[in-house]
Structures are given as C-alpha cells and as structure tokens.
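First the structure, in the form of structure tokens, and then the observations on it.
For clarity, chains are labelled A, B, C, D, E and F in written order, and residue numbers in each chain start from 1.
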Amino acid sequence: MSVVVQNIERANAGTIEALGKCGVATVHEAMGRKGLMTPNMRPVWSGPRLAASAVTISSPPGDNWMLHVAIEQLHAGDILVLAPTSPCSDGYFGDLLATSAMARGALGLVIDAGVRDVVELREMGFAVWSTAISAQGTVKETLGSVNVPIVCAGVAVNAGDIIVADEDGVCVVPRLEAETVLEKAQARAANEEAKRQRFAKGELGLDMYDMRGRLSAKGLRYV
Amino acid sequence: MSVVVQNIERANAGTIEALGKCGVATVHEAMGRKGLMTPNMRPVWSGPRLAASAVTISSPPGDNWMLHVAIEQLHAGDILVLAPTSPCSDGYFGDLLATSAMARGALGLVIDAGVRDVVELREMGFAVWSTAISAQGTVKETLGSVNVPIVCAGVAVNAGDIIVADEDGVCVVPRLEAETVLEKAQARAANEEAKRQRFAKGELGLDMYDMRGRLSAKGLRYV
Amino acid sequence: MSVVVQNIERANAGTIEALGKCGVATVHEAMGRKGLMTPNMRPVWSGPRLAASAVTISSPPGDNWMLHVAIEQLHAGDILVLAPTSPCSDGYFGDLLATSAMARGALGLVIDAGVRDVVELREMGFAVWSTAISAQGTVKETLGSVNVPIVCAGVAVNAGDIIVADEDGVCVVPRLEAETVLEKAQARAANEEAKRQRFAKGELGLDMYDMRGRLSAKGLRYV
Amino acid sequence: MSVVVQNIERANAGTIEALGKCGVATVHEAMGRKGLMTPNMRPVWSGPRLAASAVTISSPPGDNWMLHVAIEQLHAGDILVLAPTSPCSDGYFGDLLATSAMARGALGLVIDAGVRDVVELREMGFAVWSTAISAQGTVKETLGSVNVPIVCAGVAVNAGDIIVADEDGVCVVPRLEAETVLEKAQARAANEEAKRQRFAKGELGLDMYDMRGRLSAKGLRYV
Amino acid sequence: MSVVVQNIERANAGTIEALGKCGVATVHEAMGRKGLMTPNMRPVWSGPRLAASAVTISSPPGDNWMLHVAIEQLHAGDILVLAPTSPCSDGYFGDLLATSAMARGALGLVIDAGVRDVVELREMGFAVWSTAISAQGTVKETLGSVNVPIVCAGVAVNAGDIIVADEDGVCVVPRLEAETVLEKAQARAANEEAKRQRFAKGELGLDMYDMRGRLSAKGLRYV
Amino acid sequence: MSVVVQNIERANAGTIEALGKCGVATVHEAMGRKGLMTPNMRPVWSGPRLAASAVTISSPPGDNWMLHVAIEQLHAGDILVLAPTSPCSDGYFGDLLATSAMARGALGLVIDAGVRDVVELREMGFAVWSTAISAQGTVKETLGSVNVPIVCAGVAVNAGDIIVADEDGVCVVPRLEAETVLEKAQARAANEEAKRQRFAKGELGLDMYDMRGRLSAKGLRYV
C-alpha cells in the first residue's frame, strides 16, 4: 500500500519557467479558473514566485518520515507537495530538511500542514507555502507514499504536475496541459498590459468591455 | 431591485483627512467603541493608513461585475467598500481594477472577500483591506447595487460614511457624526500623549487612574 | 477569589537568556515535544525572538483592568502572559500599556486575545504574540487574578515559568525544568549544526539516520 | 450613549404570523435574497419555527445586564435579538431568563453569542437560535442599549423588524416591507406547490423552466 | 469547457448495497484509511445510512444551475455529489430539487456547500450530507460540468464511484476497487463482532492484541 | 517520558454523583466561573448528563494506542479524558473501545479530537463529548502517557478530577475542591428554584435584583 514511484515524467523545463513568469492569477485564468488551492495556503515569507515540478507526498498526521524518502526522489527544479492523510498543523519541515532538499536542487515546498524555522527558511531563500506555522515536532513511525496522486488544499495533484505559486496562492497545472496553458497565459498577459494602459488613462471597464447595454438589459437602474 | 445611487453626499475633505491622522484605535474609542469591523479584516500589505469616503457595493458571491459599475461613481478621495451577499473568499479585485480606480482618484478598497495581485497592489501603493487573498476568478453575470446601505464585516456602512483604516483594522464613521467624532478623537490623542510621557517615566496606571481603592472595594486581595 | 500573588520565584537570568538563543523549535524538542502553544498564537510584527519570565494574568472577556495590576508586579526581564476566561479577540493592550510595561523592564506580551497599535508596538520594539489584532476597546469593571496558574493557547502556565518565543510560535518551559531543558537544547543545537553541514553536502537523511532497513521492514515498496 | 428606546412600532400581528407560516427560505427569496443571517446562526433544539417582532439588544462581550433591561420592554409576540459589541461565545441566557421572557409573552431569542440550559429551553419550548452553546457565565457591570439599530450575524436589525426563523436559519424583514414581502412570499409558496407536483411526476427542471436553449447558447456540451 | 458526460459506468448494484451495510468506518479501514471526506461534511438529519453511485457536479459559487442538468443524468440508486469551484455556503438545494431527484430514483446528495428546507428533506427521507445549512438562494447564470472528476471535501471523486455515508461521515470508494474493498470490509466486520464479544467480557485490548511487550520495548513505564 | 500513573486518588462517589445532578452551568457558577471547556466540546448524541472521575490520556495526533493502556486503569464510575499533543480531528474511539471501557465500568469519554461509530455509541448509551466526529482511523505506533496532567479543550485536568458534563458542555472540578463546590452548587440550585418561580409570575430581574438604581447611576437613559 505504501509505495515510492521512482520514475515520473516532468514537463519541459522551459515551459515550467515560462509559467512561473506568468504568475498564479494569470495561469489560473488561462486554465479556465481551475486548479487553485484553498486561500489558507499562504507563503511563509513574502516575495517568492516560482513554477516547479511536483514530487508528491502522502503522509500520516504528525509523521514526517516520508519527507526523507521523497527528498531522494528530487531532481533539480522540483518542488515537494505534501498532503497529510487527515487535517494536521504540525511542523513537518524545518531548516535541516530544507538544507537537504536544496542540496538536491529543489526549489520549495507546498504543504497542507505546518512548517517551522521560518526565519531560517527566509534567510535560505527556500520557498514554502503552508497552511500553518508551528514548531510542533513530528515522528517517523508510519509509512506513507511518494509520487502517488494526492489532494492538497482542495486540488488533485499528480507527480510531475507543474506548481505555480506566488503571493496570490498556489495553482496546479496538469503536466499534459502545460503547453496549452502557457500559450493561453502568455496571450492573456499581453492582453492585460494593453488594458492596464487604457485603465491608467481613465477609460472605464464599462466602456472598454461594452457593458452598459447588458447591464441595462438585466435591469440595472441609475437613481 | 439593483440600483446605482449616483448622487451621494460626502463629508468635508479636511475632516476626513484629519480623522485619518488619528488612526483606527483612537477614532473607534472616540465613537464610543462602535463601528469596528471584525478582526479578520486585514491589510493585504503592511503600512497603509488612510481615511476616505465610502462608495458601497453589494455583490453576489463570485461575481465582480458591480465593481466596474462602482468605479464610474468614484470621486477623488473615495474608497470602495464591497460586501458579498453571502460568504465568499474569491478574488474580486486585482491590479487592473486598481489601476482603473486609481485613475479615478480612489485611495483604496475594503472588501469582505478576497483580492489578488497583492504584489502589484503593494507596488502601486493601492491600499486594500480584505478578509482573504485568493487568485480565484469571478464572473460578470449577476447584478448587485452601488451606494446602497450594506453590512461589511459586521458593520453597517452607508455611502458617504468615512472609512478610517490602518494596521489595527477598519472603522466606519457615519457621515453626520464625522465632525463630532473628530473633535473627540483629537482631544483623546492629545490626552494620550500626556499619559504616554507619564507612563514612560514609570508612573503606574494604578496611580495615574487612581484605581487602588476601587480594586480593593471590588475585593482584590494581594497575597 | 481574585488575587495578586506578589512574590514569585524566577529562573536564573542566565538560563533564561540562553534558552532564548536556542529558539522555540529546539527548546520544544528538548522538552520532549511539550509546552507549545497552538499555532494561531503569532507575533504581531516580524523578527522578535526572546526568552523571559512569565507574569500571568487571568482576565474576563473584554476587560483589561488586570493588566494595570500586573504591570506593578513586573521585574526587568519579565513577560506578561494573559489568558481571557472565555474566548475573546478584543484589543486588551496598546502602545500606552506597552510604554508602561517597558518602563518596568518588561520584554513583551503573550496574549490569547487581541492587541492594537501594532505599528507603534513594532516601532517601540515591544515584542507581542497574540491570537488577534483588533482595535476593539475593553473596560475596567471586573476583577481577575495575577500570577495564578492559567491555560494560555492550550498550555498550562505558572508565574515564573520561562516563555521562549520567536516566529515559530511560543513555548513554555516550567521553571524547575529550565536547567535540564537548556542542557538538552544546547546539545541538540550543536548536533543540528553537524547534521546541517552533512545535509548541505548532499547526504540523505535516509542514510544519515540509517532508515532504509526500517522502511523496508515496515513494507515500503519502490516501483 | 446607553439608551433604552421604549416606544417602538411593531408590524401587524396577522402579517407576522402569516410570514412565519411561509418559512425562512421562501421569505428570503420573496425579499430578493436579502436579510439572511450567517449560517452559523442555528437553532439550539430541533423543530422551532416562528415569526416575531424584534426587541434589539446591544451588549458588551461577557455581560448580559441589558437582557434584564430588555425583558421589561417585551410585548406578547416579541423576540429578543442580541448582538455583542465584539465576538463572544459566552452563555448570556439560560432557563431563568427564558422563564422571565416567557412570562412577558416573548416567543424566543436570536443571539450572536452563546446560551446555556439548552435541555431546559427545549423542555420549556422557548425557541432559541444562537451561534454557540456555552455554560460560561456573564457579568452585569457595563451598560449597552435596547431597541437601537444593531448588526446581528451579518444583518442590520431595527427594533420592530420581523424575525422569521426555522431550521434553515434566521431572516430579518424590515417592518415597513412586511406586507409586500408577505404578498410575494405567499405567491411564491403557492407557485412552489404546483412545481412540486410536476417534479414529483418526473418532469425535469430543464423542461419546466425551459433551460435547454439557454444552456446550449452558453456553450454546454453533452459528450 | 463545460461538459455533461452522459454515459458513465456504475458498479454492480449488489456490491453497492453490501458496502452500505458495512458502514463508513469499516469501509474506510478496509480501503487502507483512504477516501474519507473532511469531518465538516455532516448529515443534515440524523439516521441516514446508504451507499450509492456518484453523479458528480462542478458548480460555480452561488449558482445551482448544473443541479438541474445533473438530475436528468440520474439513474435509480444514484447520489448527487457537488463541489463548488470555490468555497461557498449557499443553499444550492432544497425540497423542490429533492422531489425531482427522488422522482428519478436518486437516494441522496453530498455537497461541499449549503442546503435548505432541512425539515422537508427529513420528512421526505431524502438523505443529505452537507458542510452548511443555509437558506441563501442561488442563481442560474454560469455553467459548470456534470460527471467530470471533482474534489469534494478533500477527496477526489469520479462519476460512478461509490459513496458510502452514515453519521460518521462520507467515504468514497473508487468504482474499480469496489469488489476488493467489499471483501475486506466484510472480513473486517466479521472480525469486529468476535472482538466485540471478547471486549464485552472484560478482556483488555492490551492482551487481545498482545501489546504489552511492544509498549515496554518502546519505553512505557508504569509508576 | 511516557508513563502510566497507576494509583490515583478519586473523590468520594457520593460527591461525584451529587455534582452530576447539579449540571454544568450550576457547577461552573459555583466554582467562580472556572473550569469550563471551550464551546466546541459537544456531546455526540443528545441527552447525556453525568459526573465521573477522570482518567487522563495524553496521545500523539492520529495515534490511539494509549486508549488501550488507559482502559486497564479504569475503575467503575470513571471517565476517559483525552487530549492530543497537537490539534487533531481523527476518530480515536469507536464502539469496540466503548465496549471495552463499559466492561470496566467507565461512564464515558471526553476527547479534544474525533470519535466514530456514533450511532452505536448512542445505542450503547456510552456518553461521549468530542470536538469532532470522524471515521478517520488511527495507528498504534507512538507512546503517550496516562494519568498525567493534561490540558483538554482549554482546561487543565488532573487524574481524579471530577468531570461534570451535559448538553451545555464539560466542566472540570479539581478533586480537592469537590466538596466545597458541591455545597455551593446545591445552594445555588435551591436559590435558582425560588427565582424561577418569581420570574414565572412576571416579576422582573430589574426588581428582583434591585438593578434600577445602579443602571441609572451608570448612565442608562430611557427615551
């Protein structure tokens, strides 16, 4: 029942990097407003913005043994994504594990649970999104699995999916949709820049999107 | 049922500015401890402090159409105040709408829901207090109303009321009470400065407020 | 029923200071993973790290009278620890009380309720951990107690216990265990530095902790 | 600042009773989907269903003094509606106050806080909707107000407004809208009965509401 | 993007019925402790216990249009499973939709959002598990999808998966695992009955499971 | 570190039984409004009311091994009181453990975590107060302690303390205070009956407690 899937497929590194430049809000829109984790998934320090390839972990509550197992599976450019098998706020991860993960080339961690050593993580520049900050220690007694499908903060994640994350939250792009989503996201970003300039000059969304007729037809009255 | 009230009254600009200088805690005390939004209403970036005149918005969950309608109603010095008609954490507002609102002279947004593009909002200096940060997109399908009475994060807000907001939270001053509240707040601020100096010299509140007799009468025992 | 215990014992100042240097996560581990407050107890500004001797306060909801009583009991190097007698998010404490507590030599406050004037607290360098930020004012009508045993954010605290707090949270070390815990914490910190260097060179936890055999025996399969 | 408004206007008793028969969901729809309290406002025992005229109370956290003041203002057919001035779960109300309120002809209580003696309240048939059940006692030290405008569980309530409440929650009908809302609610109820019979025979909403064309136009695809 | 998948596979009806008899706790254990929804997913009335085949719905917040579309896809013995695309507590479902779903042979609803008309649902015997009870109405403006993969209350659900639900919560059995899980669940249930009888006679788990040696080896001390 | 304290002192059985008759609200008042657990500690079925002697358990998250150890320590009239070492909603306890505990004479369980098999627990008449209902299974891998001091739902509990619990919640009476509290509680109960009769006849609290003068002195105005 407890397995480590060793050979997983990853998306093209250039595609991943380009998705990271688009940012979460744009990528999420480009995907048809899917794939966003719940809003309690927050960065533990301000500033990180990345895209990376997911190594997934399913762990029991209060047990971080599988993180050690997962770190061996990391490639450069990967991100750890951990979901506990039941709700838990314990601190599964701190500066020692971050040091180990960075030595393997990992870029960060997304965890539907807690982390600790947040000052050190910030100083190391190791990007972490979590649903709690807690010094509460964990044990290494019960197995879980690595690189199996998980549900993390409301979103299904498969190993090799692309995680796009910044201060707006965390979005999951299925590996096979990466190219298509990137194309749409880049088109959207270009389009937004044009809109931004028109808005900055004082043009109203009501006019830019030609909304007045539809608002009136729906029954909006000005008094 | 869905209306836009176009001509609203606003408080005197000097009064509004002066309230902003007093800060939330002082204004809230000066009002008799009324008008404070619930503590989950937080600034999305650190540092903003303002007072501004409210343009109110009532919006369906997951639908930000009325924000476009409301932006047309903004005057310089206004702030948007949005309450969804049922609990919602979606990202109603981001950098494009902020660009549009700033072009109209708006100072910020108070929203009992989510916003996105928080890095860009911070860089633009557009002040936002919200109850969530979420990249989750919204639709433009269902009408709401603008400049009608709303309840936002536990407080009744009317268009033209003064919003005072800083890192302690958000307080609402009814437009017709603005002058009275300002007077009391300024008196309180002056009084606090004198107290601060006495406290800094080591004087105890027990003595400054002459509490010892009343504590003893209520039955406090020292052991 | 309402008492102020005046003569409390405190741990050795050097021991307290040394615990502060170890940090919350290390001290919590050294104690056998006990004594950590719930994760919603957070610093109101980023950066503080301290250890201090607890002056405890039991207060009614929405009533901060006992803070004035407690401040008289403060010695240099103390920290106020307040638990309301029922759940409350009101702002019990602000810059005036902080000025008074600092004049007595106090280092900070831990409160299972709200505080206000957070900008001023940050500027003053007065360290505060709280479960809420709220400008909501309190009254001075009902007695509580000072330096009695309390439960704060899930942990039992006695006057004179050592509070260790940083960005990972707040941990309580019973006064009589302080020396033993310090010894274990320092040993642990030294040990961690050695591990950090090995992790940084790419050694895996699987090998460093000799986990492979036990994982296999428990049934972990690599596929 | 602390006032008791003694002479308040109430809606017609027959109108109130008729609204109660319509139930919360129907009345809420008839009002244009306004006036519903947040979903954490729940009945403390199963079964109650009523409409009644509001006597409003604004009370400090952990202080139920104003309930005694409010009970004197009750008329037969009234309901007490209490909002604390900051979030509080204490047990403001129990079987003694219920006995007193029943003796005045009151039908129930809606409270954005806690109550106790729930077994006795059920046995007495005194209807209570609350956001908490807690035996935590309260004091009688600080004034509030009676029959002033309040915000209770997200909804503005004025004295004399009609409270409609059942197992689906609590809805507030402004006094001056009572007749209009009743008319719409009754029309809606009649209409629903007809629909129910058609649904029971197997007719689909897709056909009954003629939705297929609009779904197709919006882009729904069957695969 | 918005699709209705019409032809879905369902598990064997006898297998489904047999899983229902095992109950949630047993089935969840038989699956290796997977598939359980979060504990805030609760029955709206006491007593229901079933297993049924899932018809899945992905809906926007505050929009129940897709429920009408989904009802047409129901077969006898099915259960509706709805996940909103962002957190929402609105009342998507009430007695009219229940009447329609029952007319199609559906057994119930699992929804990570709100329902209303709970008295009527109980009287009708229509089983509902939800994360909220709310009379808040919804609109019919924005498309979603039917019978696509969803994540509901933390668990991935595919159309045709078996939902096992009772007062302990809701568990999802993947369709292709149904036979295997049933076998294990039935074995487990038989085994539990034997244990129950031994426990009832006073035998201790310490002896029945031969735990004493292992506890001692781990270091448990009796004092 | 992990210990089982075998010989604990218990209060007089008659005292315990008499406290149970007083009920939670009365006992809590008689103690000076101390000792009440947080309001999310609720009975899993309606009706139970008891007082019993605590056998305490400190358990890791998601690990129920210590329950088996604790059951051996039960005497007739005891109640299990479990606090996890970090927040956890897993189902630690079900009908098998209840069967075992009942065979030892235990009356119930208070747990700051989850339980399962709630239908069976109700049928067996085994009283349970918990903060969650969840079928989520637990492991038996990590030690905890039995009959050590714990903090459960915000209250410090020692082995042998008296747990008083009903539908209003759970209150903890320190063993050595049991006689004094009982005396005060019985006096209070007698006093309440007299008040109830006066309230039932229409006498107002304002008059019964002679509040009018004090209200007026504090500044209450009737308008």
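The criterion applied here is as follows: contacts are C-beta pairs under 8 Å (C-beta built on N, C-alpha and C of every residue); 3 or more make two chains touch, one makes a residue touch a chain.
These numbers come from a predicted model, not from an experiment.
Each step here moves to a touching chain, and the least such steps from subunit A to subunit D number 2. Looking at subunit D and subunit E, the chains in contact with each of them are B, F.
Residues touching across the subunit B and subunit C pair largely diverge in numbering: under half of the numbers involved belong to both copies.
Think of it this way: of D-E, B-C or C-D, only one pair shares over half of the A-F contact pairs by residue number, and it is C-D. Centres computed as Cα averages put subunit B at a distance of 42 Å from subunit E. As a whole-number value, the distance joining the C-alpha centres of subunit A and subunit E reads 28 Å.
Separating the centre of subunit C from that of subunit E, both taken as means of CA atoms, is a distance of 41 Å.
Subunit F has residues 1, 33, 36, 39, 85-87, 89, 134, 136, 142 in contact with two or more other chains. Under the touch rule stated earlier, the contacting chain pairs are A-B, A-C, A-E, A-F, B-C, B-D, B-E, C-D, C-F, D-E, D-F, E-F. Residue ranges of subunit B in contact with subunit A, taken from their complex: 1-6, 65, 67-69, 71-72, 89, 91, 94-97, 99-100, 102-104, 114, 116-119, 132-137, 140, 142-143. Per the touch definition, subunit A reaches subunit B in the complex via residues 24-25, 28-29, 33, 36, 39, 42, 49, 166-169, 171, 192, 195-196, 199-206, 209, 211, 215, 218-223. Remark: subunit E residues 1, 32-34, 36, 38-39, 85-87, 149, 151, 154-156 touch subunit A in the complex. Of all residues in subunit C, only 60-63, 85-90, 134, 136, 139, 141-142 touch subunit D in the complex they form.
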